[in-house]
Amino acid sequence: MDPSAVTVDLDRRRRCGFPEVVFGPGKTNEQLREVVSTLLRHYERVLATRLTPSQAASLLAAFPDGRHNEVARTFRVDARVESGGREPSPGPSLRGRGKTAAAHVAVITAGTGDLPVAEEVRETLDWMGVRVTMIHDVGVAGPHRLPARLAEFQDADAIVVIAGMEGALPSVVAGYVACPVIGVPTSVGYGANFGGISALLSMLNSCANNVAVVNIDAGFKAAFMAGLIATRSYRTP
Amino acid sequence: MDPSAVTVDLDRRRRCGFPEVVFGPGKTNEQLREVVSTLLRHYERVLATRLTPSQAASLLAAFPDGRHNEVARTFRVDARVESGGREPSPGPSLRGRGKTAAAHVAVITAGTGDLPVAEEVRETLDWMGVRVTMIHDVGVAGPHRLPARLAEFQDADAIVVIAGMEGALPSVVAGYVACPVIGVPTSVGYGANFGGISALLSMLNSCANNVAVVNIDAGFKAAFMAGLIATRSYRTP
Amino acid sequence: MDPSAVTVDLDRRRRCGFPEVVFGPGKTNEQLREVVSTLLRHYERVLATRLTPSQAASLLAAFPDGRHNEVARTFRVDARVESGGREPSPGPSLRGRGKTAAAHVAVITAGTGDLPVAEEVRETLDWMGVRVTMIHDVGVAGPHRLPARLAEFQDADAIVVIAGMEGALPSVVAGYVACPVIGVPTSVGYGANFGGISALLSMLNSCANNVAVVNIDAGFKAAFMAGLIATRSYRTP
Amino acid sequence: MDPSAVTVDLDRRRRCGFPEVVFGPGKTNEQLREVVSTLLRHYERVLATRLTPSQAASLLAAFPDGRHNEVARTFRVDARVESGGREPSPGPSLRGRGKTAAAHVAVITAGTGDLPVAEEVRETLDWMGVRVTMIHDVGVAGPHRLPARLAEFQDADAIVVIAGMEGALPSVVAGYVACPVIGVPTSVGYGANFGGISALLSMLNSCANNVAVVNIDAGFKAAFMAGLIATRSYRTP
Amino acid sequence: MDPSAVTVDLDRRRRCGFPEVVFGPGKTNEQLREVVSTLLRHYERVLATRLTPSQAASLLAAFPDGRHNEVARTFRVDARVESGGREPSPGPSLRGRGKTAAAHVAVITAGTGDLPVAEEVRETLDWMGVRVTMIHDVGVAGPHRLPARLAEFQDADAIVVIAGMEGALPSVVAGYVACPVIGVPTSVGYGANFGGISALLSMLNSCANNVAVVNIDAGFKAAFMAGLIATRSYRTP
Amino acid sequence: MDPSAVTVDLDRRRRCGFPEVVFGPGKTNEQLREVVSTLLRHYERVLATRLTPSQAASLLAAFPDGRHNEVARTFRVDARVESGGREPSPGPSLRGRGKTAAAHVAVITAGTGDLPVAEEVRETLDWMGVRVTMIHDVGVAGPHRLPARLAEFQDADAIVVIAGMEGALPSVVAGYVACPVIGVPTSVGYGANFGGISALLSMLNSCANNVAVVNIDAGFKAAFMAGLIATRSYRTP
Amino acid sequence: MDPSAVTVDLDRRRRCGFPEVVFGPGKTNEQLREVVSTLLRHYERVLATRLTPSQAASLLAAFPDGRHNEVARTFRVDARVESGGREPSPGPSLRGRGKTAAAHVAVITAGTGDLPVAEEVRETLDWMGVRVTMIHDVGVAGPHRLPARLAEFQDADAIVVIAGMEGALPSVVAGYVACPVIGVPTSVGYGANFGGISALLSMLNSCANNVAVVNIDAGFKAAFMAGLIATRSYRTP
Amino acid sequence: MDPSAVTVDLDRRRRCGFPEVVFGPGKTNEQLREVVSTLLRHYERVLATRLTPSQAASLLAAFPDGRHNEVARTFRVDARVESGGREPSPGPSLRGRGKTAAAHVAVITAGTGDLPVAEEVRETLDWMGVRVTMIHDVGVAGPHRLPARLAEFQDADAIVVIAGMEGALPSVVAGYVACPVIGVPTSVGYGANFGGISALLSMLNSCANNVAVVNIDAGFKAAFMAGLIATRSYRTP
């Protein structure tokens, strides 16, 4: 594998608010270790996603202070303390305001099978410095379960709703709140779920106004969007 | 058009409990009038579905005591009173038991655009002699609307739930009741609803146990299934 | 895996007539054992579906009086005899009437490959306390086979018809009977069957009035719908 | 429109047994008249298919002894009597054997909406000199109708079966006979029939051995295949 | 048409921050006028979307101080000045802070054909009280056009990017900014664009982190999401 | 696995001209051996298709005089010589006429990857007693290859054309001959061949008149159709 | 319609070798006239494509020396003669070398219905200054037609092959030549051609090495690619 | 496996400019070695593509001077030096002109996962004798990366652009250059990328004029097209 084939965008924190995130698929163990080293040398907080067990083991061996979440398939390492100069990530949008703790995203799943995606969401939001509330197994077929937990999510700055099968949960959640909802269709289900298409189409056709959608099983992307929305709510304009 | 191309199944009431229903598409006005005449001569109660305005006008001119529901696109004529012998339809399964009035189906729609399908359901159930409760515009994005009307539908013998867009309503309704739910996906919506596929897939992938599905916009078929279920609940075994 | 991610709905028998059924996919062995224990503690009759061999072996080790149907991929344990108070499941809708034995569902398959789904249907109906008649290998290409067995299914309260490939059998069965028919498309076939889509579309487009459809390979759901319909036929109104 | 854009293949009768057939779509009235004239000048029997009303009227004005079948959307003109030399079509494969009358194709439709395709089949077979038996409205939901007419089709040399919706009829017909069956899926139906895809997939996935399929609504092509098969059965080897 | 079939959710401003928006399709002129009257009586600012010319003309006749945007297919009427009590919409989330003017959304289109969707976005954001910057015709095939206008959109609180054909523009825009981007795929294009599927899939598969997607041609929904995000950025926490 | 789930149709030779063929998928080794034994006891010539290596090994062990074609995935055993009474298969349509040898089918493949399907075709035709000519690797991109071999296939009674990728070969072959052509799309190819859909659609949309199509990779069915057509050409009417 | 929504890229000839081409859909008559005027003022040769009859009439009225090809739906106006300075388009790549006439593209169609796309190709190549050879109606079902005209296309610098239905022609053409072939799938056909998908998939899966593909019905784009390839063959390196 | 099933087209260099390329899938190790030997005996330069590791190992054992690129899955062997007569490949189009070195193709990838396809492109172009420039990891979400490398690709004779996910890169590249661009969609991505369909549709719907497309992951075909275009640019007319 050509080593010149991978480049790290070290300017991204300045331009987009957060450093580059490492996408595992298609990278060799050597490439992954090199990318993580480069980011750490530049004082970035590292998040790698969609890792195979082999990739994760290789990273853990190289960076023993990192954290591997097996369910989420993620690996994280905190930024090195810098003796001077540039501040560690996540970056300037939150810098110097101590407001990160206030940013709050609720993560709601329809069923047990949605947990791996939910864990990827949690790891991402934690990496962004955003507070997370997890609410599990409140799918629409048990209609009493969601309103019973309304107090936990109604004041969130943004909500990530994760559902497979008929993917109806984002529409229902959206009807209870005024904040933006990001729907993540999952490939959970069988037969005519077509690997997540059924849930994806449900969320795209939601009759609720405040629902936008990301790719099937795209926990990282949903978390990133929700995290951006939540942290912007606490910016000093 | 070859007149021999249409035949009327006059044995159906004996075999299947209800007389044949006339499906409008592809039939000439002459064929439709002939089929209706034949059924009436055999003392059947007539229901014709999916009629064009021209077909309906032609039938109304020929059978002025019939009833044309423009929204439902249906036409009905009551069976002639028979001086003796065979009893008029809907047929033997309810004969001599005076229980028809007890059979009860609830019809629930998600939005205004689902009304034409709901009207076809109502006409069909009325033709079957089943009591109908209509509950409109209780889609999932307004989550308080459905439980507010629980008393109207929780004791129904069967429920027809009609929804386009994300088609999530049958799953939610099913979670409140113990009776069978028949979902009708509609072509209401735009873009990635793909003419009703989004709602169809949602209903097929429902996480509720008591939901079965019919074709897109198939109000008649859903009503027939629900009517069968409801009337069987009151049979003398 | 977060243990708080699975919750058991112990109110379901009151609300929906039957206790919660355990869906295997995505659950750890530990979660499965915990859910089954909880249900048994509450005197529910347990049914778990779509189990992997490993999940089934784990359950069998923990509950040696359970029954594992390898073909159906199900596991069942009878409810504990209760010394007093609440009656064991399946629940109130059949309580105190001794009519369960009368409820009768016929299960008809098109070919040998449909057997696993048929076995899941049988286990579910047996769990519901409904009498089952199995009729195998009567696909439409041997047109004499189905009418030869008419006496076995024509008086059923509901019929589950299971077919892959062209999925034509439900339409044919429905033409012989007056009861509701639930079609289960299976993924049996090859090439342009697209994993069951061909059979699914056939059943959705059935020209018979009394056919509704469930998801591809969804034996449990079809059985549950048919069982609901059949047991309601023997309710004391 | 460039007149050089249309060319007539006058060698086709020698090579393929029958002269070229004129496909209407995309041709101007002038082009159509020119093609028909050319064929007649070469003593071919003319068949034009899929004509718009305007195209048909233009041809009828130019060739008043032709026959326009409005339902089939076809136009035909008999070959001119030739004073000597080359024999009129349909061609050498049947020449000098007086056996054409023996070739027999049955045409079976599922419902009224399939009539236009059936008429195109009839016109084509008639143009080929093959005897046709039409059997209408024997779809699978009325299972007694097809065997009642078995005597009319069981000795055919080939059978064309035309069906929309679930497209199950070819499989059932094929189970009764030993001759080849050509299935024609039609676009008749609504919703999840997807313009004929449901019927097409059913026929492709037929569990019968003796079924092959042509394009949706392709009456001409099915007739041509069946006519080829039937006339070959009476060749002098 | 049953008048009881339409209900107005007058509690929505309290629950979700903005009053109900009127969705035109499937509503009669009478129903539309009634809904608008009801909203105005309750001091709500009215927005109706996806109106036919006939619906718009009917509304304009009834509410001559309203504004009909023909390209956007929208109709708006300002809330009546209330003599006391409840404040007019858009509602409490912006109340008493005079910050609405600060909320800023950029709307970027790829080509001329995307204008109708862009106009619907503009009307919606204007109705929400959000400042809008329109940037037109900067599709990716002219790569110099977008960076030339970076100053106009890089400080927006959220960006709506509208594109048909290959739908690549949201990914490119997202690479320049740190704010959330909402992609709207449009049905602009031909052939293998499949009515907007090509653009929809592009946006769902965007390699940018900060892109979420709404339904094809769903200008209103994208604007609503972007407006929510932008106004929340100026909330007093 | 329920042994009653498989039944052998011993009447098929009388009704359809050839005995039942054994379809391997979904059958246990025990079921397969039992079906083969039953057929042999009734003096039928046995053909089993789509066997796994394990199924084939099991059959070969039980019937050592059988023939396993690994590429075709078939197993065959000749009918036992009968001391009197009923004649061995393939059956009455060819009985007492000694004409089988005359029936001739050409089998043409586009590329090397189509060989497994071609071998299934060969085994089936051989089982039917039909002479076969195999012509390999004459795909359309080498346009000189097919006409170079015209003499080998132009007098066939029917032709089976097997092609993956763009599936264009049947159209080209059909232009050279007057006999029926059966196209078999194969799953050979990659990317946008979608497991054979590209070839299937090509064959369904063939501009040739004399092409009908079977399912993707359905070598057996194509062979059976072609064999039927070819043997009928030599019947004594 | 906002006039600022259309901008003309006057730098394109310098950057890409040819001036901007005007895409008609979605533009008002006023916008079209303004764009054409602007291009002419800058001494560009104008080509507008996919015009409605109303758009074309409006342009013809404004620019009476233009040429409207009704079949191709194009409009062209030659560049104004410039008294000095910048040379008229098509541009620098061919400037001062007098070699344009040598560049040669063959355009080959499968059937009559492909003519409108072929005419768009011809207009585009003519606008580029490239010599065109048109070869019509040589689809694969008449396999003798194409080689009969080999001399006309075998020395072309590039070939555009236009075909609907099974779209097999590009593969066959490519096998005869050493130059690049651009395939244009057309929407010509019916049923399972799915508006051109069948032809598109055929061309993408071509077993020939020298075939690339453009969008369905995309005559302009194919012509532009072929024209680029052909003119580059005559560049002075 | 029938050895006669594979034939080598030894005339291809004369007809199409380059010798036949060996397509690995479906060939046995024996067949592959035989084909390579045959080509070498005829003094052709050999390229084999899409090899499994086992196929590659078998070839390397037989031809130890060959080169196996594991990432590209290719195998190459140089043509034997010929003592006289016919010149080694790649063939006559470049013969005797020493211009091959001038032909230049740029290969641009969007991300790391596209490398295997890019390596297949590089091997193919190298085999054709064309100079290659590789530019990696310049996807559209980092919009500054591509223009930074403009000098490396703007003078190429043709460009191959390789991208998965949203497949937007070819449109952007095409906007910077005047040469033809060949887009290769890859299956890189997840969820709604549908194995490369998202990228394929993006490239087919590109708003750039100078983009044509090949099959998903079809690196060889794109390279061959680009190589043809590039070498033709240096022909002596």
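Going by the order they are written in, the chains are A, B, C, D, E, F, G and H; count residues from 1 in each one.
What we mean here is this: contacts are C-beta pairs under 8 Å (C-beta built on N, C-alpha and C of every residue); 3 or more make two chains touch, one makes a residue touch a chain.
A quick note: this is a predicted structure, and the numbers were derived from the prediction, not measured.
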item: Contact distance in steps, from chain B to chain F; value: 2
item: If a chain touches chain B and chain H alike, it appears here; value: A, E
item: Shortest path length from chain C to chain E (each step joins two touching chains); value: 2
item: CA centroid of chain A to CA centroid of chain B, Å; value: 46
item: For chain G paired with chain H, centre-to-centre distance based on mean C-alpha positions, whole Å; value: 26
item: Centroid distance [mean C-alpha coordinates] between chain F and chain E, Å; value: 60
item: Of all residues in chain H, the ones touching two or more other chains; value: 111, 142, 175-176, 191-193, 197, 200, 204-205, 209, 215
item: Every chain pair in contact, whichever chains are involved; value: A-B, A-C, A-E, A-H, B-C, B-D, B-E, C-D, C-F, D-F, D-G, E-G, E-H, F-G, F-H, G-H
item: Chain F partner contacts - residues on chain D that touch it in the complex; value: 15-18, 21, 93, 102, 157, 175-180, 182, 200, 204-205, 209-215, 220-222, 224-225, 228-229, 232-235, 237
item: Of all residues in chain G, those that touch chain F in their complex; value: 110-111, 139-144, 146-147, 165-168, 171-172, 174-176, 189, 191-194, 197-199, 201-209
item: Residue numbers on chain B that touch chain D, as the complex places them; value: 1-2, 4-7, 9, 11-12, 23, 25-27, 31, 50, 185, 187, 195-197, 200, 215-218
item: Chain A contact footprint on chain H (complex, rising order); value: 71, 109, 111-113, 115, 134, 136-137, 142, 144-145, 188, 190-193
